[in-house]
Each structure stands twice: as C-alpha cells, then as structure tokens.
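To start, the structure itself, in structure tokens.
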Amino acid sequence: MPYVNIKITREGEVTAEQKRRLIEGATNLLHDVLGKNKATTVVTIDEVDTDNWGIGGVPVTEIRKKGK
Amino acid sequence: MPYVNIKITREGEVTAEQKRRLIEGATNLLHDVLGKNKATTVVTIDEVDTDNWGIGGVPVTEIRKKGK
Amino acid sequence: MPYVNIKITREGEVTAEQKRRLIEGATNLLHDVLGKNKATTVVTIDEVDTDNWGIGGVPVTEIRKKGK
Amino acid sequence: MPYVNIKITREGEVTAEQKRRLIEGATNLLHDVLGKNKATTVVTIDEVDTDNWGIGGVPVTEIRKKGK
Amino acid sequence: MPYVNIKITREGEVTAEQKRRLIEGATNLLHDVLGKNKATTVVTIDEVDTDNWGIGGVPVTEIRKKGK
Amino acid sequence: MPYVNIKITREGEVTAEQKRRLIEGATNLLHDVLGKNKATTVVTIDEVDTDNWGIGGVPVTEIRKKGK
C-alpha cells in the first residue's frame, strides 16, 4: 500500500496518456522491487508553475529563458 | 500544533461549507484524541485532478468511466 | 480514495490506540463530509522531534521549556 | 541537496519577483546554516486557496472576513 | 527536475539495494515518459511504522495481525 | 500563516542550534518577502537517511563514497 507523489514543472503539455504511464510505472516499480500490492498503491502527480519551482536558487522560469 | 494535509480528487463540487467541516473536524479530532491545542492546528486541503491521481496503477479518470 | 497526512510533535507517549483513533477518525470524517469510500482512504501519521518543529520562529523544544 | 516546500495562502498578488526572493532566500538559508550545495537545492511553492486552508478550526476565508 | 516522494510501510527489511532500485527506477520513469533530466531528479523514500499507516480506517499493524 | 517543510539528508551532526536557525530564518524570510505573520508560521524539518535520498538516479550514500 505505498503512496507515491510525483512533482513536475507545468511546462509543455503533459497528456493524460503520459500521466497514465507515470501512474502505471510507479505502481509497477513498487511491485517489482518490494512486492507491494498494486491494488492499494496510490500515486498523485502535482504540476507546479515554473515561477514556483527553483533550483540553484533560481526560478525555473528564468532558467528556461536562458535556454538551459 | 498539528499540521494536517488532506488530499482529495477534484470531482463534483466540493463546497466551501464542506471544506469548513473538514477543517473543523480534523482540528477537533486532534484535540479529542491527543489534547492538541486547536488554536495552532493547521489544516490544508489539496484538490487533485482525476488524471493526476491513480490507484491500482490506473488513473481515477479511467476508473470513473468504467462506472466504478 | 482520499489521502490524509497528520504531522504531530513527538512528545509524551502517543499510543497505538490513539493512532488507531486518529486513523479511524480521519477516515470517518472524509466519509461523513464527502461520502468518500472508506476502503481506499489512506492515513499516515508523522511524529516530528520538537527540535525539528517550529512555530513563531522558535523550536517547540524552547517553547516547552518556557512552560507554554 | 535539500528540498524545501513553502505553502502559502493564495491572497493578494504574489509576484514572480517575490517568488524569486523566496527561492533565493531559502536556498541561501540552507547554505549559510548547513553549508548545503546551492546548485542542487530545490524549492517549490504551493499557493493554497483560502477556502482550503484552516487554522484554529476555521477556514482562512472566514478569518479574513472578520478582518483578522 | 522532478521530485518524487515514495512512502512505504516499515516492514521486513528493505535493503539499501532495494532502495537504490526504487531511486533508479523512479528517475528512469520520469526520463522515459517525459524526457526529464535525470541529473536533477530527486527521489526521497519515507518508511512509516505500521502503527502510523492506516487504510480503510484500520492501522496496518492490525491488518497484518489478521493475516491480510 | 505559511507552512514550510525542509528536507535534508541525515549526515554529520545537525545541532539543535542549527535547526533553530533554520526555523528562525525560514520564518523571517516569509515575513520579509510577503509580510506573513510570524506568530502563525510553522516550520518542520525532516532528516532523511542517505540510503533514502537519491539524485541523478543514485543514492546519496553511493555519491558520498565516491568523494563527491
């Protein structure tokens, strides 16, 4: 009965199919590595605005502008 | 001074009154069971799109379509 | 299928029975207010050392020493 | 490589510049106090509706109405 | 630069090698599905006592005793 | 009434005084940038074993062994 939370920046378009693959993949990972029960594994995905995510002390919005 | 985070799927309409009841109920629960000070108890509620929540490896969006 | 996370300070002894009541109470709350399915409601409890929790800019360890 | 999550109520306008200062400030704090590597420090900011945040058992929406 | 948090119950022995596989697997998943940069993907694993985790309103400790 | 969660690896000794400075610093940051009320600002610190934290798909335990 694991709980997995995935946080990603909200950029480009993340499709429902890609989210489905994240949910399925994380659930399979816990099953394959630890034998966890898939039926009670919960996965949530948070999409965070690039203004609201920073790394190295700099917002992702600025990092993207610099073409990184 | 407990902190409670409640995550629910964003489905139907959750009214401000229902959210108020969740906040009040969680605060009372911590007070009743552990004697925690209500004044400094914080509750936050996250509403998560059904595409972004999965259980059993399947997004809630798909589970709802199948009438479950 | 809500997910509830409860964070409390690690003080005194919180018994398994008290934790059971928190889990049951939070699950019932989501059911009573929003009609959520109890079977898939997950509750986790984090106990945090008083050195690692602050309010008002002051660690709880110091607040407790001052008899508050 | 610390990870910092900041949750604030969604009120007034929080500008991109203010968010930049939160990201920079939190990253510097971890560096100054613990010598953490700024390059791998991640900061995320969650803005939460005032209906979805409660303290003292009362939603912030109601607290604001009472002019507190 | 995704951030993934995995919560599991603290049961049996989860080895360092199993944790390594969870970290590697989650990082690969985000790369494979969304093309995320592995170098800045962060994964954390929380192990939660079975008294502190509930599903269906019942602590996992009790569920395990009943042989489920 | 912000809530700040700081996650760091459990390495070396993080003293109560250093934790106090993190709590004070994060509280001041929210006050200085957004004018938030210090009295209701909550900060929690999670210390995570190096086996349980990964970046770039590799546990911090292994990264430390390689002298990075």
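Chains: A, B, C, D, E and F, in written order; residue numbering restarts at 1 for each.
By our rule, contacts are C-beta pairs under 8 Å (C-beta built on N, C-alpha and C of every residue); 3 or more make two chains touch, one makes a residue touch a chain.
Since the structure is predicted, the reported quantities are computational estimates derived from the model, not experimental observations.
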{"item": "Contact-richer chain pair (by C-beta pairs counted) among B-F and A-D", "value": "A-D"}
{"item": "Intercentroid distance (Cα basis), chain C paired with chain B, Å", "value": "14"}
{"item": "CA centroid of chain E to CA centroid of chain F, Å", "value": "20"}
{"item": "Computed distance of Cα centres, chain C from chain A, in Å", "value": "26"}
{"item": "Residues of chain C engaged with two or more neighbouring chains", "value": "1, 3, 7, 40, 42, 44, 53, 55"}
{"item": "Listing of all chain pairs that touch each other, if any do", "value": "A-B, A-C, A-D, A-E, B-C, B-D, B-F, C-E, C-F, D-E, D-F, E-F"}
{"item": "Residue numbers on chain C that touch chain E, as the complex places them", "value": "16, 19-20, 23-24, 27-28, 38-47"}
{"item": "Residues of chain D that touch chain E when the two form their complex", "value": "1, 3, 40, 42, 44"}
{"item": "Complex interface listing, chain B residues touching chain A", "value": "7, 48, 51-59, 61-62"}
{"item": "Parts of chain D lying in touch with chain F, wherever the complex brings them together", "value": "1-9, 14, 18, 21-22, 25-26, 29-30, 32-34, 36, 40, 53, 55, 60"}
